[in-house]
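Some structures are shown below for you to check.
In the two complexes that follow, chain A is the common piece, with chain B as its partner first and chain C second.
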Partner chain A sequence: MDAARPKRRLLSRVWRKIPPEIRMPVGAVAFVIALAWVVLCVVGPSIVPYDPLAQTLPRFSPPSSTSWFGTDELGRDLFSRVIAGARITISLALLLVTASMLVGSIIGVVAGFFGRWVDEVLMRVTDVVLAFPTVILAMVTAAALGASLFNAVLAALIVSWPPYARVVRSLVLSLREADFVSSGRLLGFSAVRSMRVDVLPNIAGPTLVMASLDIGNAALLLSGLSFLGLGAKPPTPEWGSMISAAVVNFDKWWLGLFPGLAILTVVISFNFLGDALRDAFDPEAGRV
Partner chain B sequence: MHRRHIILTSVVAAATLVLSACSSPSSSPTSTTGSSSTAQIVIDTTFDIKTIDPGREYEPTGQIVVKALYDTLLTFADDDTTTVIPDLATYTANADLTQFTFTLAPGRVFADGSPVTADDVVFSLQRLEGMKGNPSFLLDGVTVTKVDDSTIQLTTTDPNPALPATLATPSAGIMNSKVVKDNGGTTDETDAAETFLNENSAGSGPYVLKTMDVASQVVLTKNPAYNGPQTATYDTVILRNVEPATQKMNVERGDAQIALGLSPDQVASLASTVKVESTPSATVVFLLLNADPTVNAYTADPQCVKAIKEAIDYPSLLELAGAGASQATGLVPTGFLGALPASDELTFDLAAATSNAAACGIAGQKVTLSFPNDIDPTGLSLSTLAQRIQVQLQAAGITVDLAPAPFATEIDPYRTGKEQIGLWYWNPDYMDPANYLAFGPGQSVGLRAGWQADADPTIADLVAQAYTTGDETQRQTLFEEWGKAMNADSPFIPLIQPGSNVAHQPSVTNVYYNPTWLINVAGLGAA
Partner chain C sequence: MSEPVLCAEDVVVDYPGHPPVRAVDHVSFEIHPGEVVGLVGESGCGKSTMARVLTGLLKPDGGRIVYRGRPVLPLGLGGRAKDSTGIQMVFQDPGSSLNPRRRIGPQIQDGLDAARRRLGPLSASDGPLAAERVADLAHPSRPDTGSRPTTVTQWLERVGMDPKDATRFPRSFSGGQRQRIATARALAAAPDVLIGDEPISSLDASTQALVAYVMSSLTVAQGAGMLFISHDLSVVRLIADTLLVMYQGRVVERGPADEIWADPRHPYTQALLRAIPTPDGARRLPAVTPPGTTYPREEAQR
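After this line comes the complex of A and B, so read on.
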């Protein structure tokens, strides 16, 4: 039951502190938009007017009352494709953020808790990855693995865990010397138990806030890889690849505009939401 | 600060994604000096230039440049590709088509004033053949000998009816042998003249090279010493590397006089002030179905091949190809000897396709369709085409997984015959239907589809006959017979012969598209 207690405490702290924040206009709007995208992500495919893969409409028809966002180069309904794309981009972004948070946290906790050579080795590895420009390294990895959405997530994961490892390690370093952790060790807690009971609950909050800030960036990175032809394969209605196909016909403004707006709103709303969460939950971090 | 920075970065990055279409790799805003002037002409295209050494280049942009700098022994007029006409020489051939004798036109000179001699011809052709560069295959099995100062003889081991057309290719351009030798030129693989030839021209053509940058632009100026049959109108020709979307704006605004790289959809929405020459290109887009059962048991089954041929709705594919395009009647494009009439083209029959697909067992199976996604033959996106084919095959119960890859990656599985279904295109290497016999069983392209020599003895026999028959009428009959047999029984499905669209300002006249060199800049006129 030890593990359940801090989790409840965390949720209640968030619950207590969030409402005043999201009443602020920007935070509130961001929250509504982000929530709308998440809802569309779940129900989207069943409410779209056309099959996002069906090539039944005239090609390149501009937005109209029958197809709200117009149609693409193969006569597919762009509105249906943008909505269907939400499930792909947002769920993959969430998956990517969760995975990088897990990988980064494990490495950070181990490095911070054990210190010495373990810390040295893990942090130098982290430095090596951080030393590369994010997008370039992700591109190279995705290109080497072959184009597919799964490989794009894998490639993005390789570049996005190090910041988590760094932050978690520094949190653990400060906690390691704290009295309640030392007390636990003196009582005979094993390293694993000490980490689970005393350390993890105290780093969960800041890490989750960091993750929420990262969702938008993750969506952008994945769309970017698909834009470059290293992610989703046709005919998947992925936003980045839709924009990529729109490039050659950019005088048909609707082809790139709507997927572009989708990426823009997802990135901005999740970023603002993450900010609101951080201000509410972790006021210290705001001053960094 | 940190927070704002992240948001700002995201906004800028997202906006970059949206707006990336507006960027152009060209950073050379060369302005023109008025639309009716003959001082200079600006041609926008998408560069695939690697070198402009005639013996080494074999890329479309390179052909445009080399065509302007170097004369060939024989050539074609305007947009014709069937009748060779004399340029630097006239020729006669023996009855077997194994011995060709060329007589040089008198008085022709290189840009430095020195005369074009038989030695220059022998050196240039031997260099092309001996360097083992990309176009060296053009002269495979050909022996070049000098008879006297103005006579050259080309001898081939087998009858070679395609040789005159081959010699009209810009790669077979005649170079000033003294200049090239002085700069490291030899007739074997030790040749070191490429660097020199990328900075200087050594030909007798209507233009000379001023500057070349393989990434941005090539500038040509009129050759004052030129004394051949052509009359160059423009003093300076600027060939620029520009994104297709920007090409469209440039030619509409008059910043460029000619745009060569527009997609069919861009051509359809061009402003009415721009003229377009739409002609069938010599490119054929085709599907290959691997006949090797170890690659895929279903594509190797003739009944499945039949099902796929019937499942494709050819007119619906054509909708994607735009102006000037037509359904490919066979692998040999129209405009060539032996091209099939429209009555022989493959037809769509969904009911037959569905029952054949079910009978051969391919229905319900997954087959992979591979294609290069970073090259667009004459502006037609293979990715768009593949997605339409996927939907059509699905209607007949055949599920296809699309596997796009960059050209550089995909070319290897294609050439080694590892693709289950491949979507590719063929540009003729030289203007003779013999080039297409490579699709036959056991031939170079046939093997890419796992089609062995013993797989179809009837077609293999037709290929052997077509290679060596010299008589025009007999050739035509043989090629047509071969073409029909290929449509019926080969693992290749000819899909589309895309149009080639040259958009130009009305001030430019005599704009002809010729598949051999795309556009002859010396032939352009001014209104």
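After this line comes the complex of A and C, so read on.
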């Protein structure tokens, strides 16, 4: 089981450093921030003060009472763009995580279920993908597919499913030997029924926790691709591409700071939320 | 004596390794309807392996299992052959014998469904055992005296549980309760043979006797045979008619339980009996066998 667990991420290591007695309050704060971002993702574009695409304000004005985060090189309101960007980044991150979980789970279940050469082939493919540095492989794929948000998600999917496949496979393998699975088979369950009734419901919890841990990273990966010009195209208000545009005007500190803070809070809140969820689901896991 | 319902014929199981480990070494025995066979031996002597082979969960490397005259085929990707759901098993670990994500009602219902699939709409043409059950069910006048329960509620009552428990999840039950639920599930499938693979070993002493009694009495009341596996001879003796003693993959002694208890012939059986503590107030510790002691692997003659 342990061998299949992906390397512990930086933020999970940070989480372990938080004293246990304040982990749950920290998790609650993370939950509130994550929830706020999800709410903004839904209602954001309709509550922003300015049209995120309208180039009507003075250029490069610093943060003020009328324009909280300042304006960018084309006279667009940065606050409106950051809030509107939540919908793009977070919804795509959720889409990416859902897709990775589905693809990885299907591959993991098939490998664990059929075993033998099917397992061998699928796990070697998984290992090959895992062996590549994530961001590089995603960049290469996105570059090959052509720059667009959809292609960025596709490229990110190609590097994001293997951890799910590994974990789901190991869960299936250990559950296959569980007594209640054997007793279901003895009552005449076919292998498919046994999977559906006895195995899958019991791997759903850990898999969902893993997915919730992954949302922040998915947002980071997608923003990273956009930052490199491999995702969202101007004038789409996407955080990564906004930071990318800010690089040439680095003396205008507000251009990069606010989209950067948005990415930071999303990544940290979703990661800590995931860690808190995992602790809640499996209190033992945090102590190893 | 009646036809055996389940026979092990010269069963051999090897576990891969260097060299391979022979877990079960040419074991043969029979289980007859209404008979409780106790299988005892120390950990690692091949008892649980034997149980898995008998049910078809594990393919033997030699020999075969015959159930009602037909060989038991190992479990494949498809469902088990319809008629072999007549062999059921209760497992050792109460923590994993039930699916933690399902309410216990549907889990017992699985057993009833298996019985319905195998015995059809309960017609008498399925052989003498089915005929008996049909006769049983045809007497509503005696609902609770040996007739087979036909609903989840009846089964829960039969194993001494509250019918309201059907909607609860396994985590809300104790180990002993879970083993009784697992027993209800297995027996609801109307098995001809029930195999208990150390079903009481992880329960505390006060619950052991209850669960063992519930299992054996309900099994025998259905006219089914039973194989009760344990490392605890003192409990097995109380419910078993016949005893098999296994040592290093072989049956080293077999015979009526009372006779073996009174007059063990094989040195290993004698050591097992000496190791049972006696609560006689004399404060004697059971005999300790020095580590590394080996015994002959030949079966003792009675």
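Please note the rule applied: the second predicted complex is superposed on the first by the 262 of 288 C-alpha atoms of A that agree within 3 Å, B and C clash if a C-alpha of one lies under 4 Å from a C-alpha of the other, contacts with A are read in each partner's own complex, and residues count from 1 in each chain.
As a convention for this text, contacts are C-beta pairs under 8 Å (C-beta built on N, C-alpha and C of every residue); 3 or more make two chains touch, one makes a residue touch a chain.
These figures come from a predicted structure and were not determined experimentally.
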Chain A as common anchor, with chain B and chain C clashing or fitting: fit
Partner chain(s) touched by A:186 [first = chain B, second = chain C, both, neither]: second
First (chain B), second (chain C), both or neither touched by A:245: first
Residue contacts on chain A - larger count, chain B or chain C: B
Chain B versus chain C as contact partner of A:144, first or second or both or neither: neither
Contacts of A:178 with chain B and chain C, given as first, second, both or neither: second
Partner chain in contact with A:275 - chain B first, chain C second, else both or neither: first
Shortest span in Å between Cα atoms of chain B and of chain C, once chain A is used as the common reference: 28
Overlapping contact positions on chain A, where the chain C interface meets the chain B interface: none
Of chain A, residues touching chain C in the complex: 178-191, 193, 197-198, 201-202
Partner chain B, residues of chain A touching it in the complex: 53-55, 59-60, 73-74, 146-147, 213, 216-217, 220, 223-224, 227, 229, 233-235, 240, 243, 245-251, 256-257, 260, 263-264, 267-268, 271-272, 275, 286, 288
Interface residues, chain C side, partner chain A - complex: 55, 57, 75-80, 82, 85, 87-93, 96-102, 110-111, 113-114, 117-118, 182, 185-186, 189
Contacting residues of chain B [partner chain A, same complex]: 2-3, 6-7, 10-11, 13-15, 17-18, 20-22, 244-245, 248, 263, 265-266, 269, 319-320, 373-374, 376, 381, 383-384, 386-388, 390-391, 402-406
